[in-house]
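A single structure is presented below for examination.
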């Protein structure tokens, strides 16, 4: 029951074709979500400009293309982000749309139809070690496809502080920072101590032994002594980039 | 070696009392942090306007008062936030400064000398159950003392959705949301699905048995299927309020 | 906006005092949950007959009494269940209502105003060891207050099978079984193998060392080789009794 | 020692061929389980009508067929459920019995020889995400093969409440609900808050990082703030469907 | 239905007062456990000579005395073991029976009415550190009260091998060894490597930090590279002494 | 320095060729372990009669054969046990010795050169489910090769007690019991309650979800309410069979 | 059997009073540890100069004094270290020896009778937060009492790098560093990156929520990306100071 | 801004071309790390003589060769260590430099251009079981390539003490010991009790069941009752060898 339905009902009441009692009954049983959540859906489409997202893992190239084709239909030129894809999926998607761009380290595919930057400042993606780069790349591609200027700073682990501090100006210039680290997960604490902006910490499963699949880094980040740090799931580069995008639009 | 030291050195060079070579040597060994990190410190004081914070747990009333007195000295009227205090500490702090205000559920004390709102929008603090209110209150007091307009919404757990949805407008109006929940920690996922702004999830240790001191809620929040959620430590209401404040200033 | 509000609005439309457009607008912004979730609330009150529940832990006697007084107001004679109370709370509640009955092992207080049995069969509460009895009692009192005939069978741990098998007829006669055990948590598997009805397993924190606060029993129950077993939280006698009541009404 | 043995013994006592003392001795040492547990076995066959179940994982097609052939022998037309099978097993089973039906997502095979619905109402299987569907399908096929009318509702995760609430009527119509979710495992709490019937929560291992193989969802469900929730093992769709069937027969 | 009941029934059959058919029926429904498990109970009393055991923790002196009094009634002079008692319980028990002997480190009380040694050899109790002695004492008192010659060897941790090896002869002379250790739990591996008899390893919760309440010692013992080691629960001195006693009787 | 060396030294002292002082010096620096631990080694060979054991996992057929060949050299006819082998290793070992016998479920190979039974009674190996049989077989082959009469009882899980109780006599006849179970690990508690002999519990990694690789069964067994249970590592059938053999020799 | 025993034996051989065969026999059974491990004991006393250590927790003042008195007896002036003591123990110890010095934060008592510095360089103790100081103090007092020059650097957490870098020279001057940190445990990685000497990381239980009693810091330190870091137990300041002392003597 | 930049600036000040005020400004904003951390870099190269290290896992042969080629450029003959490589990488590296030596068990490749021993004493690598040798080899190759004399002692597990004690002299002669063990991880405690030098404990993931990937050994080592033990990550042979090298240089 949408606006037209209600209008029709009310006009029938006015015309005397429908008693007040029966109209109440109909309104009463009208699926509330058509009223209430259409509004939410509208919110959803308002906030689109955000890319639509497809999580490709476990899907066939054919499935991914089918979903992407549906997303490409609307007139409004949403960007499309496909995460955890592989080369086969990329080839299929690229046949569908020539703007598809593949990021092989993270498996992310971006289709950028709208290149406007809706983010207000720079999202900086910092990664501790070279092995953390795939997750960092996913964060960076996510933020870019969501309409942000993104810069990145890789291989600046805390055991070689000078590498990090060398880029102090770049760090100071960011409006939001996504900080990706495995092993002891110490980088977000150090980076957050240098700035006054929000730092989204992304633990990675990089490490071995007592890393326990990223648990060590996750716990470290949750216990950060810097107060401007918040955390997303292990290896969740997408989540880090998404939260940063949501913040950078404010 | 501060600004005066450098000035003196350079003047001695100009006066010919110091050779360029020796001046280089002195500059070279000058504690880099006096140059480099004074800048950071300046940044720190620039971002002050943020309240200074004292973590009172394990400190005596006398110790807290001593620290607070030092913070009250500067001309610039910083706000002061004291977390995890008790009534005895409050009485001592209140003797020091009449503006101190005690929030007994969370043990937070705010001394608001600067009532300007530096936050751009409303920070909404949502709590799932009545037992989560102390943590939520800590978040709210933190955000207020950091210069934000704060609203709150308590006892809106997911097993009674209508209570939550009843306040849809309030939720939709927030610029940043701090979402506090124990037990199954599901509230941030539901709230984040209703909005397009960042949601800071704060797990609490409320629960028993397989709650394992808040672990259940923490893991749930880290695994949220809503992408605009990030997480701070268990019972870390201060952290939730602080991250929200950092974001709301942007 | 309830039924009366809608009636009034529709009558104003019929009377021509309100245009269709404005009426749509009002309906549109009418809090959907007033429509949608009133129905749910109605469901709620329909299912009342179930006792109202107060979790007393962390509440003062005065607070518990205040809540209980509110629950005693409605004409419909709901039963009231207060869990995790102590003697002081009991005395206060008993002054409020003479039917309040205290169960000191579990700390449960039942106020049974409606003694009709809405459950279709017998709820049997089985406990492995004498130390598990407080949790079992909470389950039993919950199911009773929810309107069930309840029987119990205590101290029938699996290391002395004959004690359990001696009561085979009682076990066979139950319509739903709540099975409470700590330590190795094996009882639900054994009991469930003897019957064809649902068995609600309640792990307890009874045990020491590698019991890890009930984790051993919880994991054992989740891994039961009997298929008619489902599990609630550690020490959650209330939950066990509640689920059994919901099932026994069907 | 079965009924015939006892009859013979008693007749020898009657005939005076056996003294009372020696008869007692013989009865005393007679394998108790032949008396006692035949009764239990009888119970077992009474409750059959329930399908017989084969867990195919780790078995060869030949082994599964051999077991299934044995199950097909009795005159009474039991249904047969084979879980965690693959296409090769299906082909072998299908050659054995033409009614075998394969459900490839879950690997479940149902042989429905008895299509009577012994369940009293509808079992509703709800799944949070598309990745949870294999586990949900296992629950649905289990409940169907156990003789229940089953309906399902997929992809109704809590971060998009409107999708769930859109199906409110379907949810309200169920007699038992199996609720399948991975990641933060919040769906059972939300669904259980909408109804007054038992909700069997099935955590799945869907998720990554701090999902820890379904631990996050499991803990969340055990800590549900809705009281009408009980839980089975991670990915245990069969268990969920079985418990629901046991309940729906009551 | 006990022996007398069966006799009576058989005599009524012989007398022609009861038909064979009805006698079968009665026998059939006779509680199997009265036949079957009386035998087991008899086994139980046969194996008594083993002490009866009371776990005193959480019981009042009055309750412990009541149970002990019941145990003291039978003609056969069982020993009685009371574990985890305190001085108040001891005083009460001592008033009941003058032979009660208190072991204050472990809180064990032994009432030895039968001083015969039913164990075939020596049970040796070895403890790694002085802090492990309470648990070791519980094991020793248990084994003694169960009728074993017990020797002990304390403070022979693996970081000072010479202390252990100095007692090589004593170790070599034992028929069963109970080996108690906290911290890294290495002692059972070392001791078991010196002998060819069974070693019952008892982890203790002694340690701090990453001992995690005895988990470190427990895991170490379960992973012993010596094959003649088996393990009981953390701090379970009683269990260690009991298993040793069961073995030493063989 | 072995017996011959000492003899020579002492004879030189007697002959006056070596002063007492220098002899002391030589004895003093003589590697103590050659004296002290030869005795231990002698003990080792005395207790041989126990099979020699090769853990084949991670070794090539060639390596296993080389080790086995060395073990076959001594005149004394030790049995040889090879665990966790595969068909390729078996073929190689069988070429070396025609008595090698392969047990394909567990991968155990026994070479029984000495068929004397050194164990005093029967070792009974009980397994809960058919999936636990490989581990049970390893225990059985170990005990057999160590010189024990072994009986086994498979598929007697606690959810179908009658299957277990049907074999009560067999259980009662054992001198030592190895009890193998995965999932909820309840079998050892039930079996141990039926007997007065030691029960070695072997948890298996059989199960899924919250079994956590056998952790659930392990914890359950450590928390057994039966006192005559001790535990070895997860899937450690060899350990279970070995401890049983050590006990059965006493 | 000590040196005198051997001398006597050899002389009897020489005198012809003892046959070579019997002498061998006696030597053979002579407790090897009297030969072998006296040497080790000598090693032990050689390395003394290290303080003797008493772990006071759980001991009475009287017990601690008794042990300390024994340690004070030998002529060689060992230092004595008492850890985890309280004021009452201190007063008792101080009556025994006037040099006893109490460190109230850590509860350490040092009795320094030998003030020689056996350590070759400076042991630097670094602590991240003020709450970590008690553990750091224990490390410092341990190292001092073991004969080292100790310096300390407190409150230099990684979120305020300038505080740490300000003391770069002090850090660079250390020969061994003990690095104490709770919460995210990042400090050792940062400090170790600044130097080329060994860094002993001591995690503390400081933190809350997902600190899990120091587990977060422990895991972080074990996963340090700096290679010159090794780790001791949580809150084990003594261990940190001891390892540093052992290294500093080399 | 390097030395030349500062020289130029100071000369302009001297020449009067630049005011003191502006020079201060420029110095103030000059990237501190160019001054400060060049010094640290210099430190880094001073301590080189240590081998450069490449972690080969996840890198292609081509990538490893490219990095190694860069490391081989400088005049100073650093050694190069490549860890976790395979035969393909080795062949590629060997074509680059004929001194490359492959250690196939650990996958370590050493290129030793500088054979000077910078370590002051012997680094002893001790391994408990043959399965621990790969990790031990990584430690040994690391220490060798870092310029140490390395000895090793393998297969000396604590369940056969005589094997370990046989090598007492070798153990006593070491200046630093790396002690590698899986399963119960007891070896470091035993070894450390025999010596007064630092023992670096390396837990391995060798074991099964409740070894939990090396967790058992790790926890045991952290809880060692020997005070001269510190620990590195599970399977971290490189870390063990590196810390030993850092210590052995002192």
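General observations
So that you can tell them apart, the chains are marked A, B, C, D, E, F, G and H in the order they are listed, and the count of residues begins at 1 in each.
The criterion applied here is as follows: a residue touches a chain if its C-beta (ideal position, glycine included) is under 8 Å from a C-beta of that chain, and two chains touch if they have at least 3 such contacts.
This is a predicted model, so every value here is computed, not measured.
Set side by side, the interfaces C-E and B-H show unequal numbers of C-beta pairs in contact, with more at B-H.
Comparing the centres of all chains, each the average of its CA atoms, the largest separation from chain G belongs to D. Between chain A and chain H, two chains of identical sequence, the interface residue sets overlap only in part, with shared numbers making up under half of the total. One finds 60 Å separating the Cα centroids of chain C and chain H.
A separation of 39 Å divides the Cα centre of chain F from that of chain H. Chain geometry summary: the mean Cα position of chain C and that of chain D are 25 Å apart. Annotation for chain F: residues touching 2 or more other chains are 32-33, 36-37, 40, 161, 165, 168, 194, 209-211, 215, 218, 222-223, 233-234.
Looking at which chains touch one another, you get A-B, A-C, A-D, A-G, A-H, B-C, B-D, B-G, B-H, C-D, C-E, C-F, D-E, D-F, E-F, E-G, E-H, F-G, F-H, G-H. Interface of chain E with chain F (complex): residues 36, 40, 43-44, 46-47, 50, 53, 120-121, 165, 168, 172, 175-176, 194-198, 200, 218, 222-223, 227-234, 238-239, 242-243, 246-248, 250.
Residue ranges on chain F touching chain G, taken from their complex, read 3, 6-7, 10-11, 13-14, 16, 20, 23-24, 27-28, 30, 32-33, 35-37, 39. Of all residues in chain B, only 131, 161-162, 165-166, 168, 208-211 touch chain C in the complex they form.
The touching residues of chain D, when paired with chain F in their complex, are 31-33, 36-37, 40-41, 58, 203, 205, 213-215, 218, 233-236.
Residues 128-129, 157-161, 165, 182-186, 189-190, 192-194, 207, 209-212, 215-217, 219-226 of chain G are the ones that touch chain A when the two sit in their complex.
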